[in-house]
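Got a structure for you, questions after.
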Amino acid sequence: MKPVPVLTPVTKTLFTGTGLTPFIIRRLLTAVVLILGITFIAFSVTQLVPGDPVAANLGQSAYSDPDIVAAFKAEYGLDQPVHIQYITYVGNLLQGNLGISLSSKRPVAEDLREFFPATLEIALVAVFVALVLGVILGTISAMTRDRLPDQIIRVFSLTGVSMPVFWTALTAFYIFFFVLGWAPGTGRLEPGAEPPPQVTGMYTVDALLDGDFATASQAVSYLLLPALVLAVFALGVITRFTRASVLEILGNDYVRTARSKGLPERVVIRRHVLRPALLAIITIAGVAFASLLAGSVLIENVFSWPGLGQYAYKSAVGLDLPGIMGVSMIVATVFIFMNLLVDVLYRVIDPQMKDSK
Amino acid sequence: MNEILSVDDLVVEYNRDGTKVRAVAGVDLRLEKGEILGLVGESGCGKSTLGKAIVGILGAAEGEVIFDGLPVKKLTRGKRPEHFRNLQMVFQDPYGSLNPRRKIGAQVIDGLVIGGMHRSKALARAQELLATVGLPADALGRFPHQFSGGQRQRIAIARALAASASVLIADEPISALDTSSQAQVSNLLVNLVHELSVGMVFISHDLSIVRRISDRVAVMYLGKIVETGTVEQIWESPAHPYTKALIAAIPHADGRSSMPADLPGDVPNPMSPPSGCRFHPRCPLAMPECAVVEPEFVTLADNRQVACHLQKAGQEPVSLELIPRVPAS
Amino acid sequence: PATAAKSSLVVENVFQLTSTDPARSFEQTGNMINHALYETLITYKGGDASQPVPAIASKWRYNSNATSFSFTIDPKAKFSDGTKVTSADVVFSLNRLKNVKGNPSSLMDGLTVSAPNSKTVRIATEEPTPQVLAILTSPAAGIMNAKVVRACGGTDAANAESADKALECLKKKSAGSGRYVLKSFNLTTEVVLDKNMKYWDGVDKDGYDQIVIRNVPVNVQRLNVIKGASSIAADLSPDQAEGVGSKVNVIEGKASNVFFFYLSQNPAFSDATKFTSNPKCIEAARYGINYDKIVRYAGRGAIQAPGIIPSFFSGALSSKDAIKQNTARAKRAFDACGIGDTPVEIGYWGDGGAVNGLNFGSLAALVAEDLQAVGFNVSLNGAPIAVSLPLYRDNKEETGLWLWGPDWPDSTNYTESFSPGTKVGLRMGWQAGADNLIESLRQQAAVTTDPKKRAVIFSRWQKEMNKRSPLIPLVQPASILVADKSVENVKDHPIWKINLPEITKK
Amino acid sequence: MTLLNVSDLTVTLATSTGDADAVRNLSFSLDGGEILGIAGESGSGKTMTALSIMGLLPYKGKASGSINFDGKEVLGSSKKKYQHMRGKEISMIFQDPMTSLHPMLTVQTQLTEHMRYHDKMSKSAARESALKLLDTVKIPDPASALRAHPSQFSGGMRQRIAIAMALACEPKLLIADEPTTALDVTVQAGILRLLHQIRDERNLSIMIITHDLGVLSSLTDKILIMYAGSEVESGPARELLSNPRHPYSQGLIAALPGASREGKFLTSIDGMPPELGNFPSGCAFHPRCGFAEDRCSVPPIDATVVSKGHRIYCPVNPFAHDRVEQS
Amino acid sequence: MILSPNTRKTLKALETPTEKKGKGSTNSIWRQPLAIVGLTIIGVWVFVAVFAPWVAPYDPYSQEFDKFIPPSAEHWMGTDELNRDILSRVIYGARISLPYSILLVVLSTIIGTIVGGVSGFFGGRVDATLMRITDMFFAFPGIILAMAVAAALGPEIRNAVIAITIVAWPVYARLVRGLILNSKSSDYVTASSLLGSSSIRTLFVDLRPNISGPVFVLMALEVGTALLLLSGLSFLGLGATPPSAEWGAMVSMGAVNFDRWWVGLFPGIAILTAVLAFNFIGDTLRDALDPRTAKALRD
């Protein structure tokens, strides 16, 4: 039998070459493998379970009716052997079908489309705030190494990462909403207010796209507090990381070179130090972002924020397998793609990456 | 016969993003007991690669290295065969070649203990070795960071000696050291070679030190040996233009303020070596055929070997001073 | 977006909601909403759950042995789209309820609906079923506009379970005759109702233009209602209702939920259950529990449950019938039981959820301390509902701590659920035939229609239960509504929690 | 005309065991167009001397004494003043060309940014002069070199780019800290030639630091030899190298492999240079010195002028007669 | 590359702040104010945990007081809804949160070190495969998996520990693998194999001491993270079961009773201080490592 060439030369270079495109393609393929692996983990874990999703999702009387139970199981494929269930799931997944949630009785994809943007919105704002503040504070901290501002910022940022976010959320809500009245309250908009037509699912963006500034500003005022609470954690991480990166870069010869050229300190910092530091910081911000998505589980309930976190909690508690898988996958996917994006950025921005291993 | 090490047509390749890079592209060498062979060449020409391949850290793509009658195998995860424990290497960086977290004693006796010697006996032997390399006995109980670069290099040498090395590959053992330490360590090495009749390949980019301590010299360029011969031959009448250029570039601290001669251009990337003679793009004496035909490595009448179109096998070396300059095509 | 001109009632509760399809919805939030969207044949007023009043049916009659009921539809009754309510709509709605096989479908067990003419609906049962009237007040039995529901893909056919596709459509619009119509539905955030401007019985000027029911955690509900950010907080515990200030009214009612503890009677299940099925062990537990402490935990307005039937239903026991803690007796019984230090697990719904402000974990901790004091070697084994509920339902718990809320507001719901061989009876491993007296009382209750006689039977049944059943009723908490002063006519109701359609603004 | 006059320079650094003087009472001067070489073993304070002139001492480092440049005292200047001086009047190149150029900025940016800052040049003017500079330092194809990143060049080329950067604002003094240590001899020769040529063309003063006396021999007019932060000997290059007078300088020169051709053994100085913070008192070299006498450990050690411009710091002066014999 | 040794030292000195020029000794670390504060707090918590029965004024499970007594002389932190003394519960809480966080970290370290060790040691395909798997777990949203596992196995702190371990080990695997790869190519390891030591010996003799330092620092840093995750799960009702005095669960009780601020505030502060202390120590330790390994820790 003649061996069939698996890869033609052109595609071969696409997969093995050193350019950006082959790199991205390779990474995307890995990403797919990773995501499949993640579904497998999620699936296995939820199979270990002694609990019974049927019971969780059927009412008392329905549960005692064997016909209804059987029908329910059949509908969700729960009557199939485990491996068949998994293969079916992956098969559907490849067609973009995440299955139907046991608890909401809707396609998981639809659920995610509703809940994910809400979390994405606060997580994005949180990371943005944390990034801006963190880079500034971290840089100040590095510049004033071991002096008072540095000590203060270090303690501050360590405290940030040490705070239990659920407790921060409760406390912040109590203070800023109840005591001070600065925050508008829970939810994404005023009670009964009509959300803007869904485009991205992020109310602020959608409202702006719709030209509805009143709703947009209302949405902003509602998302600020949860986003800031989330930001506290990320801020600590980013500040500390910035400090370390800046310190490390400050020690580089090329910074001394820049100074020896008589450039003003702010130019040295901005152009010669922060630019390379930012790359590293963006990596961390990417990772922090993904962990914020997951971390929102702990605060969304406090703010009645209808996001991925609440959905994840509901799915987990309800042993809603498709739901759990859906959430895990979307968070993992964001995580993987953030990493991918950062790696690509590295390659694009830093031509040296390849030379220095 | 005193020959203890021979390298035959050795090729070493690196894998760089899927393409093969020939860092050593066919090298022949011989080393005798009690002999110091200096290996010189510019940075990136493959000296370290060759040295590592000789001791088996890197595997050979082609050719082989025979040590004391047996072919050297690449290091595997398992134990290295007893036989090759006599083939040792000293590294350039005195800071990286000792484990920062282990006491000197433990590191020096490694070779003995692995060889099956009892610990207490090994410690006694280690003291002797330290004395040999000129370190106090209490060094055994200290950590590497408590020593200067030169002292560390001595410790590394003691470690190699503990395995009763009969061949030492010394990869730039003194280039990271201070002027005074340089002299001390190189004297130590010369001493050991003489007293223990060890064969040594002394890798360096510094021709003047090589000239001082070696018996023979091999000049390497872009993965190939371009000339070998005794120190006197190489130094007094280099037969390869590259050798000549290397010598001419050495500055002299004699206060005569004569500028050393530079050799323009860089060592080419081994991924795409030039055609013909690898040196031709930088060779002041290059001829048209140099760009096309690769010169053979031939033995001249004075028993030295060289790979240059200007030199003919079996004949006396042509003095490069006398060659008229022909512009390269 | 701006809703300034409209008057708006903001009700906050922790959502227990799956849909606003009456045939499929049987959770508290769903009941509350459906009660405003869909009128039933008959209903209750205010917080009452014993005296049915006319709704779509203006008159009704039934025979003395409670097997045939007939209802006359109010000729004025119209759906929100203006079409008249006919008996065909009623038949359609109730049959659909039965055939869709949603959670509330068992309400229709044994009931046959027919429409002799366009104004009359007849319901027949095979056995005497005095609770039919109560059943028909359930929001699940809401009358739907058959035409609209059919257009949505709904059906009342026998195969409705798979053939009915109206669910999604009913999340977008309602098809009832209630005072409110559905404006928007979101399973997790909020449901918005608009005033039905064509309500057949006259639009109430003082009614709110809009009702927003939001999903908000309890602690935030409290802050919101104090701040005036919401109108009604539905889930506060008596503790939380304390100190809410003068800007709000606290409406206190009795919850229809009774929390109980049981010891499994299924000796086959494990070592511990071998003992828990021993009457002496039950006695030890029954007299070992410090009911006062539990009532104190449940806060103001809570009472010890003297029996499993809540205080406002026929035949409810009074506080003097309640079991009193008697540690000495409990200890004696414990020794007689012989369980020794065999470990016993208490199962319960344990992911931090609370009902009427009572946290199962806390309750379990209270019970456990008392049992330990008696000598039991108990440990707590709470789990999320998905894990714990099947254990309870399949009789796999040695002992359990749960609650019961009525499916329909009638005491028969309890006799039919807790007697040996019935639903909860079996969960406690209490097989049919385990107690002849209690079982015969259950049968008598089912066929007796005379209210006085029924009450006697119910209270007798409960007293016997308290003597010999594995069931130990613990507490009937208060049900609290905290409402803004501007909201009037708010009542707490055992079935639909808040009487939304009756609420008016000042 | 004296361009740079350093007198009594002391540099104090913070170490784990407290403050320590890395440079001690150093004095030297440099005329316009002159090349001064500073040599010495590792840790002798060469780099710290250079950095103190630039005002770039490491974190917690302090300099005292006087540094007079072009008639003005620079030590203790404000940050601003230093900024204006650096790159514009004094510029510096460093040892390792692989790390001293910014890996992420193009050659053009790095070459022009300080021109634009110091000389307020327009972008295009700066580019023009950058092209000329690259041509001066013999970078082939300057136009495409400007667009490239440093990683695209070899070590020798990078060092040339670094020199171009240093020359950009036409400084009066160039400090080169071991500019060829990291390079091959063949490349080193090219760099040395380039420095020499620049000096001749621009009448630039150069202060070159190295531990390779061979490098100094061909290039410098004057040499200063340091040990443990202090001067041990200084003088005209030719005379000092052919006729070193301090035992340490003697030893250094003798240790060079090219110095004698007899035998395989190199002459070496016994012992090791002292660690910062543990400098022996008096003449710091005395513990390693074969000629040491008791007075060597007693400060102060005064300078002895052996001939015009040639002085040593050695109380014993054991080679006093050699000179007479040799000349 | 040829660098003169001193310039090398100088570079290092420039690269890294002065505080750790203490020649590798860890003594100087304990002179850092943050580390002292951290150590003190941990010391207090450990003391409190060990001697809880003597330190705590009351039985933490006793339901004998009044409900919701505000902080007072008898009850410094007040009482909760089950009439229990909060101070005693916070004290006993240290017996749950600390040991389990440490257990979690130890478990993750063991798994991660084995996986990372095997991966770095064998390299090649084994490495590629193991690292892909590690990546999967790394990318997996920890708290979600933990919630699912805890929900499934039943909320119990032991299960929460298992659940979090499943997602927490990859950090260690990556670190250990990186360290091994780093030192595997180092000259001293090569020298050792030239002397005839097998790789296994190299791994244990040469690599282990170089790995243990950074791993230890990571552990210190991760104890805080573990504590946060565990108490987070308990807060959600998926961790410790009642009536155990777990801090996260206590905060969630406090959450229900906003105006009884003392119910949630004190356990929250307990979490904060304990985590903060571990972070203080971990951060100082990390700064004290040499910059290369410190970087490996950060990435």
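Letters A, B, C, D and E mark the chains in the order given here, with residues in each chain numbered from 1 onward.
We take it that contacts are C-beta pairs under 8 Å (C-beta built on N, C-alpha and C of every residue); 3 or more make two chains touch, one makes a residue touch a chain.
None of these values were measured; they are calculated from a predicted model.
Student: Among the chains, which has its CA centre at the largest distance from subunit B's?
Tutor: C
Student: Taking mean CA positions as centres, which chain lies farthest from subunit D?
Tutor: The most remote chain is C.
Student: Centroid of subunit A to centroid of subunit E, CA atoms only: how many Å?
Tutor: Distance between chain centres, rounded to whole Å: 23 Å.
Student: Report the inter-centroid distance (CA atoms only) between subunit A and subunit B in whole Å.
Tutor: Computed from C-alpha means, the inter-chain centre distance equals 53 Å.
Student: Can you give the whole-Å distance between the Cα centres of subunit C and subunit D?
Tutor: 91
Student: Distance between subunit B and subunit C based on Cα centroids, please, to the nearest Å.
Tutor: 90
Student: Indicate the residues of subunit E shared as contacts by at least two other chains.
Tutor: If we look for residues of subunit E contacting two or more partner chains, we find 2-6, 14, 17-18, 23, 151-152, 154, 236, 238, 252, 255, 258.
Student: Would you pick out the residues of subunit B that each touch at least 2 other chains?
Tutor: Only 148, 178, 205 qualify.
Student: Could you list which residues of subunit A touch at least two other chains?
Tutor: Touching at least two other chains: 49-51, 145, 170, 174, 178, 252-253, 256, 302, 316-317, 319.
Student: Can you list the residues on subunit A that touch subunit E in the complex?
Tutor: Counting only subunit A, the residues touching subunit E are 30, 33-34, 37-38, 41-42, 45-46, 48-51, 145-146, 151, 154-155, 158-159, 161-167, 170-171, 174, 178, 240-241, 244, 247-248, 251-253, 256, 283, 290-291, 293-295, 297-298, 302, 312-313, 315-317, 319, 324, 327-328, 331-332, 335-336, 339.
Student: Which residues, counting only subunit E, touch subunit C once they are in their complex?
Tutor: 61, 63, 67-68, 81-83, 151-152, 154-155, 236-238, 241-243, 249, 252-253, 255-259
Student: Taking the complex as given, what residues does subunit C use to touch subunit E?
Tutor: 217-219, 222-223, 237, 239-240, 243, 293, 296-297, 350-354, 357, 359, 361-362, 364-366, 368-369, 380-384, 386-387
Student: Spell out the part of subunit B that touches subunit E in their complex, as residue ranges.
Tutor: Residues of subunit B touching subunit E: 55-57, 75, 77-80, 82, 85, 87-89, 91, 93-102, 107, 110-111, 114-115, 143, 145-146, 148-149, 156, 159-160, 162-163, 172, 175-178, 205.
Student: Show me the residue ranges of subunit A that touch subunit C in the complex, using the header's touch definition.
Tutor: Going through subunit A, the ones touching subunit C are 49-65, 67-68, 71, 104-105, 115, 170, 173-174, 177-178, 181, 185-194, 212, 214-215, 218, 301-302, 304, 306, 310-311, 316-319.
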